[in-house]
Amino acid sequence: MRKSRGNAIVYIILSVLGIIWVLPILWVIMTSFRQEAGSFTPYFFPKGFTFQNYINLFAENTTFNFSRWFSNTLIVSVFSCVLSTFYVLSVSYTMSRLRFRMRKKMMNIALVLGMFPGFMSMIAVYYVLKLFGISQSLLALILVYSSGAGLGFYVAKGFFDTIPKSLDEAAMLDGASKGMIFRRITLPMSKPIAIYTVVTSFMAPWVDYIFASVIMGDSYENYTVALGLFSMLEKEFIHSYYTRFAAGAVIVSIPIAILFVLTQRFYVQGITGGSVKG
Amino acid sequence: MKKILSAVICLVFLLGIFTACGKNTSNDNNGNTETKKISLKVWGSQDDQEFLKKAVETFKSKHSSVDWNITFAVVGEDKAQNEVLKDVSAAADVFCFASDQITELHKAGALYRITRDDMMVKSRNTDESIKAATIDNNLYAYPSSADTCFLYYDKSKLTEDEVRSLESIMFKDLGNNVTNFAMKINDGWYNSAFFLTAGCTLFGENGTDPTVCDFNNENGVMAANYMIDLASNEKFKNFDDAKIKSGFASGTLASAVSGSWNANDIKKSLGENFGVAKLPTIRLNEQDKQLITMSNFKFYGVNAQTKHPEEAMDLANYLTGEDVQKLRITQKSYAPTNKMLIADEETLNSNAVVRALTQQTQNSVLQTSIPQITNFWTPAEAFGTGVDDGTITKSNVKAKLDEFVKSILSKIS
Amino acid sequence: MGNITTALKKGDIITRVSFLIMGFGNLVRGQVVKGILYLAVEAVAIFYFLTSGFASISALRHLGTNEQGWVFDEEKGIDVLSTGDNSMLILLYGVLSLFILVAFIFIWSANVKDAYHVQNTVKFGKRPKTFREEIKEYTDSKLHQTLLFLPTLGIISFTVLPLVFMVLIAFTNFDRSHQPPGKLFTWIGLENFKTMLSSGSVIGKTFWPVLGWTFVWAIFATVFNYVLGMILAILINKKGIKYKPFFRTIFIMSIALPQFVSLLVMRNILDDDGALNVLLREAGIIENYIPFLTNGTMAKITILVVNLWIGIPYSMLITTGILMNIPADLYESARIDGASAITQFFRITLPYVLFVTAPYLITQFIGNINNFNIIYFLTKGGPATLDYYQAGKTDLLVTWLYKLTVNTKDYSYASTIGILVFVISAVVSLLTYRRTSSYKNEEAFS
C-alpha cells in the first residue's frame, strides 16, 4: 500500500518533469509549422499551420542554401568522425596497453593542454590553416574537429583499462604482434567505447558555431548548418525567416536525436568505463 | 624517441611554407597576358547580393576591354570591420562598411588611400560624407548612402498630424493591447537621440575629443528623466527589430523607431496603412524639440592589399556613383549621399522611406568615428537597460549618468 | 643527452662524423635507406634555416620594425601601398621556425644515437637491421609510435602551435591600437597581467567580479546537475516503476537536440515577450512579464535552470549505469538497520557514485568554467551593466575573452584572461584529480 502510493508520487514527478522537458521541443516543432511569420507572437498557439516552411527551406536557395549546408555538415561530420574515432582509439589504446618512456609525461601534457580555453587560440588556428593553404575549406573543418580528439582519450582509456590484460598475454604467447592484438582482440571488444566516440564526434560539427565561423569567414558555400541557421537570425531576416529557422532546426535535430536515442546504451557503457553491463 | 614523427612534422611544415610562398609568386604573373584578366571579390550584406550582382554586370559591360572575374561573398557592412581585420589579405578587394569603422580600419592598414579620381568623388558627394571618409586630408572611402533611424507608424492607428510629436502619440488611447510607441531604448544608436536632442554632445563639439562627454550635465539629466518617464509609461515598449516587426504584423504596435533595413518587412505586413515620417518632437523644458538622431554613412572601401588597386577603385567608384545610388533609392530605400540626387525632389519623393530618412538626416549628428566610440555602445546599452527595468530612477539618475560618462571615457590601462 | 655524450666519447671516427653529416654512420655500415633519409632531412633543414628559418627566429626579438606606408607610383598615377612588417605573421612564423628547430634537434640526436648504436652492433659482430626489419618493428615493439603519430601531428599543429602563439601574445601589446598589418606590436613583458589583476584599472574592476561569477556558476552548475541527475536516475530506476526506457528517452531529448538550436530557442521562449511569458499571461498567472533574461540576478538563475534542462540528462544517463552496479546487499543491511531512504542515499548511493565518477565531475567543473555556448547563445552575456568593461552581468571569463577578441580586438588582454583561466583550471584539477581513485588505480594497473 505504502509502496504504491510512493510510486504514484514518483509517476507524478516524472510526468511533470517530462512535460517540462519536451515542452520547448514541442514549441520548436509547433513554430516550424506556424503559418504567420515573426519571431514573437502575442499569443501562444499559432493561428494557422502550414508545411510551407519546410518546402521553402529546400526549394528557395538563393538567399539561404540550406540543402548545401546540410550536405556540407554531413560530409564534415562523417570524415571527422572517422578520423576522430581512429585517433581516440589509437591514443587511448596506446596509453592503456603499451608501456614506453614518456607515457606518463604525455598523458599529463594532454591533461594540461585540455585546460586552456580553446577560443583563445582560434585566430591562430585560422592562420595555421592558411599556412597550409586550406583555410575556408571543409577539409580545414575536418582537420580541426578531429585533431583535438586525440586529447580526449581519457574516457576511452578508462574503458580499455578494464579489458583483462590476460587476453593480450595469451595472444602474445601464440605469437601475435602488438598490432595484431590491437586489431583482432581489443578493437572487437571495445564496441561501446567505439560507438560512444563515433556518436560524440559525429555530433560535434552539427553543434559547433564559433570555430566554424572563424574558419569559414565569408565562404558562404562552405557554411555548416549551425552557421547557416544562425545567419537566419540576423536582424534583417529574423522576422521573415524565424519559422523557417525552426523548420531547419527540426530537420537538423531529427538525425541526431535518432542516433543519440539508439546509441544511448553504449554511451552509458562507454563513459562508465565498461564496468557496467547496461 | 620520435625520430620519424618529428621528421614528418618538419617536412609537412616546410611543405606548407613552400606552397604558401609558391602561390604568391605564381599569382603575380597574370598581369601581362593579352587581354587583362582581373579577379576581384566584392563584399556586401546578404540582402544586397542581388542588387550588387546586377550593378556589377552593368559595370562589366561598360569596361568590356577587361576580362573580369568578379566574385561575391556575404559580409554585411556592420560585420566588415571584424571580418576584414581578422585577415586583411583574405578580405574582399571592395567591401561595404559602416562609416564609424573607418578609423579602426584605417589604423589597421586595411583601407587603400584613394588618389584615383578622388576629386570627382569629393565633388559629387555631400560635404559631411566626404568629411567622414577623410583622414588626415586623405580620402579612404567612397560614400554610398546616408543612414539613420526614423519613425514607422500604422496609419490605421495614428494620423500624419499625431506622429509629429511624441506627446500626442503617447496621449492617444488605442486600447489595452496596443503599444503606442516602441524603440530599442537599450541601444546607443537609438537612445543617444534623447541626449543629442537635449543639447548634449558626445566627444565634444566636433565629436573628436575622446576625453569629453557631457551626457551628465543638466541637459543630460533632463533627457534621462524624459527617458525614465517614457519607459515607465505602459504604452511604451522596449522593442528590438524583431519585436517591432512582429508588433506591426500582429497589429499590436502603432509606431516605432527603426532603420531602413526593415522597410520591406513592415511594408508587407502593414500594406495600405504603412506610414513613415521623420522622428517626432519631444517636450523638454516646456519646448517642443525635434528629436535629433545619430547618423552615419555606408561606405565602400578598397582593400589596401588588393592586387589590382586601379580596377578595384573603378569598381568602388561605379558602385557609389550617381546611377547606382539612384537605383538604390528606388529599389533598396537607401538615402543618397550624391548632391545631385539629394537636390532631385522628384526622385526622393518617389520613395516615402527615403524621404523620411533624408528629412531625419537633416536633423541628425554624424556619428563620430574616433576609436573611443567602441567604448560607447556597451555603457549605452547598460544605461538603457537600467532605465527600462526601473533600476535607474529620478532619484539616482545623476549618479548613474556620472557612471555612464565615466565608462564611455574610460581607458583600459 | 647522456647518450649523446657517450656517443661523443666512445664513438669511433665514423660516429663522430655523423655529428656533422647526418646518416653517415648508417650509410657506411650498410643501412643505406635510413642514412639517405637522415641526410635528406639535414639538407632540407639547412636549406630552410639559411633561406628563412633563422631570419624568422631572429625577427622574434622585435616583431618587426618597418611600418606600412604609401608611396606615389608614377606609372599608375596613384599612391600605392608599400608593405610593412606584419607583427602577427612574424610571431607566427617565428614560433613555427622554433618548432621546426626543435624537431630538427630531435632528429639530429636520434641520428647520433643511431650511429653509435649501429657502431656497437657491428662491433659485437651482429648484422645491422635492414630497413624492412625496422619498418616491421613499428607494428610491434614500436607500435606506440605508429599509433600516436597522426594524433600527435594533429595536436601539435592545431592545438600546441596555436596555443604557444596565443600565450606569447599575452606578453605583447597586441590590442586595438596596435593592429597588424597597419601597426606593429611588440613585447611589453608582464604589463597586461598587472593591468588585469590590479583592482584599480577599468579592466581589473571587471576581471574580479566576472571571475567570481564564473566560480559561482561553475560550482552551482556542476553540483546541481550532478545531484539532481542522480535523483532523477534513482526515481526512474525505483522498483515497480514501469516504462523506464520511455522516461529515459523523454529526458535525453534535450541533449539529443543540438545545443545551439535548443539554446537559441530557449532565448526566444524566455524573452520578455517570449512564449513562456505569453503562456503565463494567457493563463492569467501573471500580469506583467517576468524578466527571465533581462534582470541581472534573474538571468543568472535562468541560466542555471536552463543548464539543468541540458545537463541533468547527462548525469542521469551516467548514474543510471552505475546505480545498477551497487551491490544490493548494501541496501539490504541498511534497511535492516532501519535507515530511511534519505539516509541510504547519503550513506550508500552518493559515496558510491562519487567514487566512480569523480574524474567525470572534475571534467564537468572545468567544462563549466569554459562553458561558452550556454552564455553566448542564451544571454550574449547580458544584461549590460555600467560597472564592467565590455562585459555583461552574466559573462563568464571565456565569453568576455571572446568579446574582447571579436568586438574590440584586444587580443593581448584576451590571451591574458585565457592564461588566467588555465591557471585556475590547472590548480583545481591538480588539487582534486590526483586524489581520485581512477588516477591511483591506473598506477596499480601498470
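Order as written gives the chain letters A, B and C; numbering starts at 1 within each chain.
Just so we're on the same page, contacts are C-beta pairs under 8 Å (C-beta built on N, C-alpha and C of every residue); 3 or more make two chains touch, one makes a residue touch a chain.
Small disclaimer: the values here were computed from a predicted structure and weren't measured.
Chains that touch both chain A and chain B are the following: C. With every chain reduced to the mean of its CA atoms, the largest distance from chain A is reached by B.
Summed over C-beta pairs in contact, the chain pair with the top total is A-C. Centroids of chain B and chain C (each the mean of its C-alpha atoms) stand 37 Å apart. Separating the CA-averaged centres of chain A and chain C is a span of 17 Å. Residue positions of chain A with contacts to 2 or more other chains are 39-42, 100, 123, 127, 131, 242. Residue positions 96, 148, 152, 157, 273 of chain C each touch two or more of the other chains. In chain B, the residues that reach two or more other chains under the touch definition are 1, 17, 243. Listing the residues of chain C that touch chain A in their complex gives 88-89, 92, 96, 139-141, 143-144, 146-148, 150-152, 154-155, 157-163, 165-166, 232, 235-236, 238, 240-241, 247-262, 264-266, 268-269, 271, 273-275, 278-279, 282, 309, 317-318, 320-322, 324-325, 356-357, 359-360, 363, 366, 370, 372-373, 376-377, 397-398, 401-402, 405, 411, 414-415, 418, 421-422, 425-426, 429, 433, 438, 441-442, 445-446. Put simply, chain A touches chain C in their complex at residues 3-4, 6-7, 10-11, 13-14, 17-18, 20-22, 24-25, 27-28, 39-44, 86-87, 90-91, 93-94, 98-100, 103, 106, 110-125, 127-128, 131, 143-144, 146-151, 154, 158, 161, 177-180, 182, 203, 206-207, 209-210, 226, 229-230, 233, 242, 246, 249, 252-253, 256-257, 259-261, 264, 267-269, 271-273, 275-276, 278.
Contacts from chain C toward chain B in the complex involve residues 37, 41, 44-45, 48, 52, 68, 70, 72, 76-81, 83-84, 96, 99-100, 102-104, 106-107, 110-111, 114, 145, 148-149, 152-153, 156-157, 175-177, 179-183, 191, 195, 201-203, 272-273, 291, 294-295, 382-392, 406-410, 413. Of all residues in chain A, those touching chain B in their complex are 36-42, 62-63, 100-102, 123, 126-127, 130-133, 135-136, 214, 217-220, 231, 234-240, 242. Per the touch definition, chain B reaches chain C in the complex via residues 1-14, 17, 82, 85, 88-89, 104, 106-110, 112-113, 115-116, 186, 238, 243, 304-305, 309-310, 313, 371, 374, 378-379, 381-383, 385-386, 388-389, 400, 403-404, 407, 410-413.
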